[in-house]
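As written, the chain order gives the labels A, B, C, D, E and F, with residue 1 at the start of each chain.
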Amino acid sequence: MASTYTYKYFNVTFPQEYVAHVEINRADKMNAFFEAMWLELSQVFTRLSHDSSVRAIVLSGAGEKAFTAGLDVKAASQGTLGSDAGSGTPDAARKAFALRRHIAEFQDCISAVERCEKPVIVAMHGFALGLAIDLSTACDVRVCAADSKFAVKEVDIGLAADIGTLSRLPKVVGNFGWVKEVALTARVFGAEEALRVGFVSGVYESKTAAVAAAVELGVLMASKSPVAVQGTKEILNWSRDHSVQDGLRYTTVWNSAALQTQDVASALLSGIQKRKPTFEKL
Amino acid sequence: MASTYTYKYFNVTFPQEYVAHVEINRADKMNAFFEAMWLELSQVFTRLSHDSSVRAIVLSGAGEKAFTAGLDVKAASQGTLGSDAGSGTPDAARKAFALRRHIAEFQDCISAVERCEKPVIVAMHGFALGLAIDLSTACDVRVCAADSKFAVKEVDIGLAADIGTLSRLPKVVGNFGWVKEVALTARVFGAEEALRVGFVSGVYESKTAAVAAAVELGVLMASKSPVAVQGTKEILNWSRDHSVQDGLRYTTVWNSAALQTQDVASALLSGIQKRKPTFEKL
Amino acid sequence: MASTYTYKYFNVTFPQEYVAHVEINRADKMNAFFEAMWLELSQVFTRLSHDSSVRAIVLSGAGEKAFTAGLDVKAASQGTLGSDAGSGTPDAARKAFALRRHIAEFQDCISAVERCEKPVIVAMHGFALGLAIDLSTACDVRVCAADSKFAVKEVDIGLAADIGTLSRLPKVVGNFGWVKEVALTARVFGAEEALRVGFVSGVYESKTAAVAAAVELGVLMASKSPVAVQGTKEILNWSRDHSVQDGLRYTTVWNSAALQTQDVASALLSGIQKRKPTFEKL
Amino acid sequence: MASTYTYKYFNVTFPQEYVAHVEINRADKMNAFFEAMWLELSQVFTRLSHDSSVRAIVLSGAGEKAFTAGLDVKAASQGTLGSDAGSGTPDAARKAFALRRHIAEFQDCISAVERCEKPVIVAMHGFALGLAIDLSTACDVRVCAADSKFAVKEVDIGLAADIGTLSRLPKVVGNFGWVKEVALTARVFGAEEALRVGFVSGVYESKTAAVAAAVELGVLMASKSPVAVQGTKEILNWSRDHSVQDGLRYTTVWNSAALQTQDVASALLSGIQKRKPTFEKL
Amino acid sequence: MASTYTYKYFNVTFPQEYVAHVEINRADKMNAFFEAMWLELSQVFTRLSHDSSVRAIVLSGAGEKAFTAGLDVKAASQGTLGSDAGSGTPDAARKAFALRRHIAEFQDCISAVERCEKPVIVAMHGFALGLAIDLSTACDVRVCAADSKFAVKEVDIGLAADIGTLSRLPKVVGNFGWVKEVALTARVFGAEEALRVGFVSGVYESKTAAVAAAVELGVLMASKSPVAVQGTKEILNWSRDHSVQDGLRYTTVWNSAALQTQDVASALLSGIQKRKPTFEKL
Amino acid sequence: MASTYTYKYFNVTFPQEYVAHVEINRADKMNAFFEAMWLELSQVFTRLSHDSSVRAIVLSGAGEKAFTAGLDVKAASQGTLGSDAGSGTPDAARKAFALRRHIAEFQDCISAVERCEKPVIVAMHGFALGLAIDLSTACDVRVCAADSKFAVKEVDIGLAADIGTLSRLPKVVGNFGWVKEVALTARVFGAEEALRVGFVSGVYESKTAAVAAAVELGVLMASKSPVAVQGTKEILNWSRDHSVQDGLRYTTVWNSAALQTQDVASALLSGIQKRKPTFEKL
């Protein structure tokens, strides 16, 4: 199957049954992103989302130096922006229309990771700056290597982070003062601090160990009923954005179909027989 | 008074003035719940909510083994589900209608704990699985014994937790990655981890000590003005589900009546006279 | 410039370029607030919000004893409340109308700190009770001295906190059980506990050290592009109160103008030249 | 079946297959409501909601004079309010707590009509004042006799309508200025005006004709798939209270189960065969 | 009293007890607005909001030609915009910050009419363009003279209406297609069309007649309990912006104080005695 | 340009400068939709949305019989549904997952019309059933021919409308009782009724006249500043889904860029010179 998952900027492998591993593959540029990459990222995750042989996904970056150094500023500055609005010098309002479209498309590509129906565990290492934070907060679980150097870097290049960090980080980390501090100063923070505030769930001695731990976590999730796991992800994300009352009601409607799965019987029977259950594809 | 609080599955006692203690009373089955129990639970808390001689409530489980092992799966599988929709084999949509009603009623019973106007402190011990998490997140404060073994167990039986955990846990614990991890893996976590992430506020060496601490906390809350305490609970729960601006406005409207209580004068006078204030029933 | 910032209850100084320091100046009464003070507080922050020579603000309290002991209860009890509604004894509903107006105006003054377009870092010390919590949760980052004694004191005087604590504290600290416990008991907590739960970001040995650290943090924020910093604050506060989807869209619209700043070019160029960028006033 | 639907203040009959008719039965008092009545109303609609032999419900009032003259003020003034809070004279805050409980319970009884899973068509005639508006806006479709005299009467007795009118009427009638005018003046409006602004969908020459039209409409709705009809009611009510985006997503989740009904095949086949479909009970 | 209500751009008179009449007083310029005017408008309505001798307010425009021709474009173009951001040519982002502040302040002045605690009835005539729509949708009830010529004029000067029309008009008129048509074309519509779609509640033959009708409506509202009337306005506006469930709950909290007014007894007694009730000031 | 807009199921022409006309092109099947069509529809509108030579769009259906008869039920029943979930018979929960994806994709295609940045005017005629309502409520303005026969047809085939009607129709037509009636009965309604309740803005004697009127309306919108027109559409749609307060703030942020357009100057100057303004592309 992996042979068909051939992409230019991402290696997609299947280290274990039901577990996909997506690796950002531009190590020579510290995995910095430009437009073609995030468009491809969106394609990869949209496809994995609907691939019934995938139940959990690990995301990491190639090379030793960086998960990703963020936006490739050089590539971005040569990009299509500004040339969209026809001949002549567009006024500030016309530039704003073009920028809105551009940002919205960029956001939408990163949100593909959140929309992906399967859990996504990100294993970070080395430099994880700017877009690295946007991207990792769209994942479900974050782990990292001890050498990680994180920063909400955007204010250092004169802008407010706009691809997701400012909307998602405060809902990922329940310490609003810390979120504001790192977002307003762009200061670097390390793995231990990330663990302490809850930005990551685990710190591992090396990138290899972090990726291995992420794969192990993916294997564990993939061993459960996919109906249960994917429903859980969906309801948790919905509940984050709604009142408890609306969360409960949405859950009711969701589970009225999901509880009709044969997986409940399979899981219960396996429990009694003390053997590992198997679940039909989803 | 306690004599009138006679229930089949719950012991209700009054260890201190204004403090009620509700004990789940099915120790031989590890306090596992079936339908008659959650209906009764709702009755108990609805009644305590309006009983003016109660100002704080402690919830715990009988026996040594478990706060509650969760849903009594055996009883559930013999339940009324499926028989609601008349003769013949109902189609998947009709089953869904019956399931929705059933889940909504179940949720509503657990939400009775959250709706209860008085603060509820839960003291957990031993196994606290599945429904234990749904139930405890509907309480205001959580403490536990050192031997506690928690799990969001539902994915292990093929379903997404639907009685409140997925809607309330992310608003109780400000570490969304951890919430996702334990909800997507069903792994067991202990008292120390629960304390570290903020799921519980205190860990005690034994169940006895945990319950005693909970009662002590209840006594402290019950010594305050009930107008102040019950208003505080209400406004905190409302604010969790609304914007800061809507939270402020609701507070204004609430306090426009509540500030007219004589309790403010009583509290201030007692402060000056350095004696314990007494407050009228509410 | 400072000479023009002359206020009765607040000292406003400018310890560093672009950094203002607002000191609550009623040390002989432990910086307790009465109506004229919060009206002035609102004026100070509204003016700083629009002053283009200010890019970050530090807030602290004069004297050794207290950041602020909260509401000056004595002054409050002699206040205008009750006399608003004309002759005769107003009924409970008319009193409620007057109270609502009064609370809303009070809230609005404290919210001026949140509305202030520049980041506000509060450095607390000594007693920081009641209104201290309302006020500090309207700031962006909280630090404190080791001797700080905090309490959500309001239930001790018979009321639910109504100037912001109950709406903002649960969104600042991601541990809802702890928030409920301290709000329902009014118990004092210290600097270490405040750090552990994330209420403050740093604890310093003395008030002097805490204020110095806050100023240093302000200097750091003030060294960044003001377009980036003020946009970041705005988007973080908006995102707190909305869904991720609404947060992303608002960000898009905001940045469609903000990205057109020359600060991006200045910041990038300075990065290449490894020198400190300068940014035009905003 | 009707024999088992025996209530004190409501006649429940079944004029056609699948159609229930609930008649307010206190004609000698112009169908004015007191507490025992709205508690019973809630029971009636909760039971009809789950009765699989009912697919549509008509609501009307007995006698010639009034659908309902509203609250029975005399009975209300002799009610339990004020006596809840124990001995002594409760302060204004304690009275407020008792009032909140009382209003919430009253609202909840009327909301039982909205929560009822089957469509409810109300046929009004004669006086339809105060509570009549609260009650009818909780129904799905409103028709009336030409002699109807409507009023949002509450300001005339010194209070803001609090049982639903002010929350539901602006979402039923898309003319906010008219809603404000009738709510702020308590002026009477007739059937023609009600039709013109969209408060009612049809005006009939007599009460008999209005009830007959309502029954006919109920019969028509009851002839459709109950899976389709009840899903439509639910999704319309949800969408009223949410954004379009949230409405669409909720619809998706709901229909993922509902589309699995055999009713779709039955309906399509009947269409081809040009005969009336029959649908299994729900 | 009127003597103390002396303003430069508004005549404030008191044609009847408890009824204020605010007249836009710049007839020679077709009552076109510039900054000093909307700042004063806000002052007028904020003061009337808290003046206990006022219970209803009528708003109209002086002269025969226009209620208001909208923004005084000439004055606006000479305004302070652009000069805020210091020396040099501000970049597009800096201009955007200044514009946001300016628009927000302008919006806030018009919103003062909506925030005003008393009902506001606007009587329009002649030209009522642009800002006229923003302003009138912030009022509670709209009536007009037969000669009225309305237009959401903003697209004709190259901008989207930003002072309230686009946010409020769709919630005032329940015909979203019509709202979009008039907002996207800027076409003029007359009094009859305004009546038909529900933008106004009544059309009168002349300005004099429209103002007289508005005053009469104000007198009627002012004859009711101010506790009831002001509570009704507040709850209707809150409900417009929230779900029915949140609307009901807010109502409960509001009325728990408001029902304790003596106005209920006064109103009931007057009803029995068939005389006009009098109500204490509020 | 039109030559490049070549699609299989849609004719795209440009009857006037800046105005595109999209015609559903399957007249022999009464323009009934199947999956390839809605995918193409989405492509057409996404492309028009970003095409700077288009400023307004008209949508209509080819042939004399129908705007669209709705879903092509025959094609739908032969579709891919059910085959997605691999081998074996999927359980009800797995079917639900596949259905959810399918419905969400379908909804998303129709929502492309709403997301389109340019105003869309739909001209309907003949049969306009089921999906016709979903589609037309995603447009901005609706007009129709006198022979139009509308129905929210879905309950007649055993399902709740799920492609947008139930979420959008109540926000398009401010008469919730009428919306419920037509959605719960599937009854046909004609052009006059559609006009009376506000579902359409105009009724024309023939399809030709309706399309001509729509084009004329499009020409009028296209003659205005595209910055103004597209901003107006965006803000109106946002405001529909948010509170007035959130609507105002979003408007402020939007216009802070949009007001910097040269179109304001162009429009003002043209007004003074009494000539038709021209605006740069957007």
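The criterion applied here is as follows: a contact is a pair of C-beta atoms (placed from the backbone, for glycine too) under 8 Å apart; a residue touches a chain by one contact, two chains touch by 3 or more.
Chain by chain, the UniProt names read as follows: A, B, C, D, E, F = Enoyl-CoA hydratase/isomerase family protein.
Predicted model only: the values in this text are computed from it and were never measured.
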{"item": "Chains contacting each of subunit C and subunit F, listed by label", "value": "A, B, D, E"}
{"item": "Least step count from subunit A to subunit F, where 1 means the two chains touch", "value": "1"}
{"item": "Chains touching both subunit D and subunit E", "value": "A, B, C, F"}
{"item": "Rounded Å distance between subunit A and subunit C, as computed from the means of their C-alpha atoms", "value": "33"}
{"item": "Gap in Å, rounded to a whole number, between the CA centres of subunit D and subunit A", "value": "47"}
{"item": "Numbers and ranges of subunit A residues touching at least 2 other chains", "value": "92, 95-97, 171, 173-175, 198, 227, 240, 242, 245, 249, 253-254, 256-261, 263"}
{"item": "Contact set on subunit C toward subunit A in their complex", "value": "119, 140-142, 171-175, 198-201, 217, 220-221, 224-225, 227-229, 231-236, 239-240, 243-245, 247-249, 251-261, 263-268, 271, 279"}
{"item": "Subunit A - residues contacting subunit F, complex", "value": "50, 52, 85-86, 88, 90-97, 101, 117, 227, 230, 257-263, 280-282"}
{"item": "Of all residues in subunit F, those that touch subunit D in their complex", "value": "73, 92, 95-97, 99-100, 103-104, 107, 111, 114, 154-162, 164, 166-168, 170-171, 173-181, 183-187, 197-198, 240-242"}
{"item": "For the subunit A and subunit E complex, residues of the former touching the latter", "value": "92, 95-96, 245"}
{"item": "Touch list for subunit F against partner subunit C, complex", "value": "238, 242, 246, 249-250, 253-254, 256-257, 260"}
